[in-house]
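In the two complexes that follow, chain A is the common piece, with chain B as its partner first and chain C second.
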Partner chain A sequence: MASEAKRPIGLFRNLAAKIAAIPMILTALVVFLGGTLWTVTYSFTNSKLLPRADFVGFDQYERLWATERWQVSIENLMIYGLCSLVFSFIIGFVLAALMDQKIRFENTFRTIILYPFALSFIVTGLVWQWLLNPDLGIQNVIRSLGFTNFDFNPLYNPDIVIYGVLIAGLWQGTGLVMVLMLAGLRGIDGDIWKAARVDGIPMWKTYLFIVIPMMRPVFITTLVIIASGIVRLYDLIVAQTSGGPGISSEVPAKYVYDYMFQGQNLGQGFAASTMMLLAVAIVIIPWAMLEFGGKKRV
Partner chain B sequence: MARNVTPQRKAINTVIAWAAGLLIFFPILWTILTSFKTEAQAISSPPVFLFFDWTLENYAVVQERSNYMRFLWNSVIIAGGSTVLGVLIAIPAAWSMAFVPSRRTKDILMWMLSTKMLPAVGVLYPIYLICIELGILDSRAALVVVLMLINLPIIVWMLYTYFKEIPGEILEAARMDGASLKAEILYVLTPMAVPGIASTMLLNFILAWNEAFWTLNLTAAKAAPLTAFIASYSSPEGLFYAKLSAASTMAIAPILILGWFSQKQLVRGLTFGAVK
Partner chain C sequence: MSDPGILAVTKAGTDPVRAQLDGPSGTRPRRLISRRNIFLYGTLILVSLYYLLPLYVMIVTSLKGMPEIRMGNIFAPPVEITFEPWVKAWSEACTGLNCDGLSRGFWNSVRITVPSVILSIAIASVNGYALANWRFKGADIFFTILIFGAFIPYQVMLYPIVILLREMGLYGTLWGLVLVHSVFGMPILTLLFRNYFTSLPEELFKAARVDGAGFWGIYFQIMLPMSLPIFVVAMILQVTGIWNDFLFGVVYTKPEYYPMTVQLNNIVNSVQGVKEYNVNMAATILTGLVPLVIYFVSGRLFVRGIAAGAVKG
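Moving on to the complex of A and B:
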């Protein structure tokens, strides 16, 4: 560590480096940590229209978990999150594996498949609200082709409305997953494929036991991106279903927002956002420890 | 990477991939086509695909009802401003993490990125209050700062991965020749990292452009960007699909065009840390 010949410069550089990183750390610290702590604190108050430091203990949390809308929100987010993780990984990987074997006009294809990601969730939600509309969209088109019994109407069925949202979410996100996976596949040494073929290992086994484990870093990046998208799920719901029919496609972020700004029940909104925070922390912290804790000194 | 693929195999792959590509592109195409239809044709059954009377009427109506240019200009200022500001703050930070790593660099990076996973609603109210206190609610300045903060972790992370690929010896050589720290970053590091910085800026421009949660909540009329423009057409215009499509097309056109002309940077930007 201290084997540098030009010590003074090294020391100066270290200081400069610390100073250079300060603006970033400060902003992250003040905004995220400060804002979050503030929210957590006021979640123990019975603030209504304006934040008031009138502490009521866990009242807001009891009320929160007794609310049906909150329970529906949590369930929806879990279904959406799990499905979008599984499906976007599978679809993205299969498409990437296809593309890795060289196709024509690859760059154009890649751009087109990335386009949905470059759209705002608001646009995505509106477009899919329309495509899934039974009288105007997919159902109508297929029925007009002669399949009059065809039934595909997720947005107006409370039981499956969240899967209608999932389709739009997957449409937007899968292209990005594919491009990430493709980048990972391209990074794999061509000799590995040759070696596997010489050894007579079938293609699917090569993918499953050799290539996928080698792509770990890419998988982690992808996981981070998808997961942060899941927690943020809000715009898509607002544009596509507004939480309906009834409350059947509500999500936690919308619950928080509605209680803060429309329900004029700040305390309840704060308690809900604290629960979201807690849920994220429960997932992230053990994972981060596993991933980064072990090799701190590398 | 390159495996030998027979021509037939390549043709089959191309067909499958392009079928998937068209399927993915179809909703965008459909929206654009619908924007040129009349309202009656937009909801006609069976739907007409290409053979309809093309009209620009929807665009005229949308333009008349809301001033597109104002929303567009707000979007440009907000997305551009937050990206430039973010990069200015991120370059020194990424420099320090890439070239003067300490024992905690990895931790800081990880910790910082994890803020990206926190639910944004957790800080919504505090930021809303700050904006009210400072009297900057519904101003472009507020959104520039907020969106910069939201995307800063990604900017730093991306720049860090690009900077790490630049050999530290080059910077050292510049220092040996008597370059000051400022000169080192400004005239040696930055020019070498231009492709990386360009990709970072492009991606963050798009992210900021599309950000709806914050823009919808912190603006009313004055500073509203295109996300608000399109959202305003969703509720009262619910049944006018041709006009909604025209508004959508107007909102997404700048990004589609920008993306088309910067494919390489876009793909590099979107694959950030993943490509090694």
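Moving on to the complex of A and C:
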């Protein structure tokens, strides 16, 4: 009896904590795990207006990859994703390196560069839609300065519209990369800098060959965060271009939404969202194996 | 001649060997205007101007009349300042459905954000506390699923949640959306609270246990009062995140409950009527105002919030 009171066994042990964790358990199992499995399963059915368990194999996927709009979406996401990774990393790192030079007004500069990150993508998209307005925006201003042939109209040119979105995306997102990189730079032992200086290694070489390799974990974490955000790219497109002109700035997330909630073609929406999941998994799984697999070995 | 101080100074100055051995002492004198500083501050100021430009254009445009916008330069300050666009954006601007401006969206956003923030923080803080101090078997598995869930694209879970909400009778209601926000805020917030509670000294918890305090007693009497800063960080994170949400607002609510972001997009991108850029920009600023004010007021805490998500994501 005494030992039982001391150590209640099984389900009732630590009962309050378990009850408190019910929302987390439900979220993890029902929404995240269950929802994902449900969507993947129903992506193999020919559900239209309502989900139906009528399995048709890979038909939805074949149709998906044969749809021009999906191909454009994927191509756009690739261009946007690659450019925004490369540019936000380079710009973010250079800005962080500049901020790390023991400058004055560091807080002011950081506040200014990070503020777009606090805004909604809708706000960002609408502002840049206005700035890039061909008749009244930047193009017009520069033309009125005398450069009458100046041409900068990305939002109405199907070939480069995605770069117009990229400008807005970078404006919003670079500050975050800078803050993460700056935290990484601050984490580097100051003696490294002294040692490099004693050896007469120039500053840029120290950054390139010593500091950047040391910051690998920060780079990887940033990469994972930025990349999983890129796959979700949706609001910005809706606000800035609505996918236009035509279908030239469509993205996968918008494809999913439009087919699920407007096109009444659930099967396509499920298949497309499963492809998005696959894309994220390709980024996440190697990272998780690196991060958590590595820990066990140590 | 007899002053020893002067003697020492001149001696050190004239003896080249000694000067080299000692080296210059104190911090290196820095010239304020050097090539390095011009480059450094020049670049940062240019970058800052670039980042501020859209905000400036938004404000300037919203204060001009339409004729002035059509005539002039978007960067030019307004000749005649008018607040009419702000009034119109707030109370008269039309979406495709109604013409009562952004005010409706604003109040909807308030009605969505306040309960969502409270509910999500309440759930996540208790979860984080249970994970940090009352570890039970299997807790780690659920936590891992939760963290990985944060990376799953929302699009994958959109429809299953529609079904769940419909089953609960909450689809299309404000409470349905509140629930969705609480669910999707859970991974990052739970992580935030778990890490914070883990960092608190364990002796406190043990001492309270010895004194006979239980799960809720320790939470309310010890943990909660000790972790107000992290609650503020979580609040900043959630208020800005939920206020800025667009996707969930458009999927899980009916038009009469649309949050401000959705309302804004409908006003600006509605195809009917003549485009009133000044009203659009006023509406855009109004929507961005809440997160911007929080950002500028909270400063460091905001950075801490996003860093918390990044440090161990």
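The working rule: the second predicted complex is superposed on the first by the 269 of 298 C-alpha atoms of A that agree within 3 Å, B and C clash if a C-alpha of one lies under 4 Å from a C-alpha of the other, contacts with A are read in each partner's own complex, and residues count from 1 in each chain.
Methods note: contacts are C-beta pairs under 8 Å (C-beta built on N, C-alpha and C of every residue); 3 or more make two chains touch, one makes a residue touch a chain.
Predicted model, so just to flag it, every value in this text is computed and none were measured.
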{"item": "Joint occupancy of chain A by chain B and chain C, clash or fit", "value": "clash"}
{"item": "Which of chain B and chain C A:W193 touches, first, second, both or neither", "value": "first"}
{"item": "First, second, both or neither for A:L266, with chain B first and chain C second", "value": "both"}
{"item": "Contacts of A:K18 with chain B and chain C, given as first, second, both or neither", "value": "both"}
{"item": "Partner chain(s) touched by A:I138 [first = chain B, second = chain C, both, neither]", "value": "second"}
{"item": "Which superposed partner A:A183 touches (first chain B, second chain C, both, neither)", "value": "both"}
{"item": "Touching partner for A:P217 - first (chain B), second (chain C), both, neither", "value": "first"}
{"item": "Residues of chain A at both interfaces, chain B in one complex, chain C in the other", "value": "13-14, 16-18, 20-21, 23-25, 27-28, 31-32, 34-36, 38-39, 51, 95, 98-99, 101, 103, 107, 109-123, 126-128, 130-131, 136, 140-141, 144, 171, 175-176, 179-180, 183, 221-222, 224, 228, 231-232, 234-235, 238-239, 252-253, 256-257, 260-261, 266, 269-270, 273-274, 276-277, 280, 284, 288"}
{"item": "In the complex with chain C, residue positions of chain A that touch it", "value": "13-14, 16-18, 20-21, 23-25, 27-36, 38-40, 42, 51, 95, 98-99, 101, 103, 107, 109-124, 126-131, 133, 136-138, 140-141, 144, 171, 175-176, 179-180, 183, 221-222, 224-225, 228, 231-232, 234-235, 238-239, 242, 252-253, 256-257, 260-261, 266, 269-270, 272-274, 276-277, 280, 284, 288"}
{"item": "Of chain A, residues touching chain B in the complex", "value": "9, 13-14, 16-18, 20-21, 23-25, 27-28, 31-32, 34-36, 38-39, 51, 95, 98-105, 107-123, 126-128, 130-131, 135-136, 140-141, 144-145, 171, 174-176, 179-180, 183-190, 193, 217-218, 221-222, 224, 227-228, 231-232, 234-235, 238-239, 252-253, 256-257, 260-261, 266, 269-270, 273-274, 276-277, 280, 284, 288, 291-292, 295-298"}
{"item": "Of all residues in chain C, those that touch chain A in their complex", "value": "40-41, 43-44, 47-48, 51-55, 57-58, 61, 69-70, 73-75, 123, 126-127, 129-131, 134-136, 139, 142-143, 145-146, 148-149, 151-161, 163-164, 182-183, 186, 190, 214-216, 240, 243-247, 251, 261, 264-265, 268-269, 277, 280-281, 284, 287-288, 291-292, 294-296, 299, 302-303, 306-307, 309-311, 313"}
{"item": "Complex interface listing, chain B residues touching chain A", "value": "1-3, 5, 9-10, 13-14, 16-18, 20-21, 24-25, 27-28, 30-31, 43, 45-47, 89-90, 92-93, 95-97, 99-100, 102-103, 106-108, 110, 112-127, 129, 149, 152-153, 156, 175, 181, 206, 209-213, 216-217, 226-227, 230-231, 234, 241, 244, 248, 251-252, 255-256, 259-260, 263-264, 266-267, 270-276"}
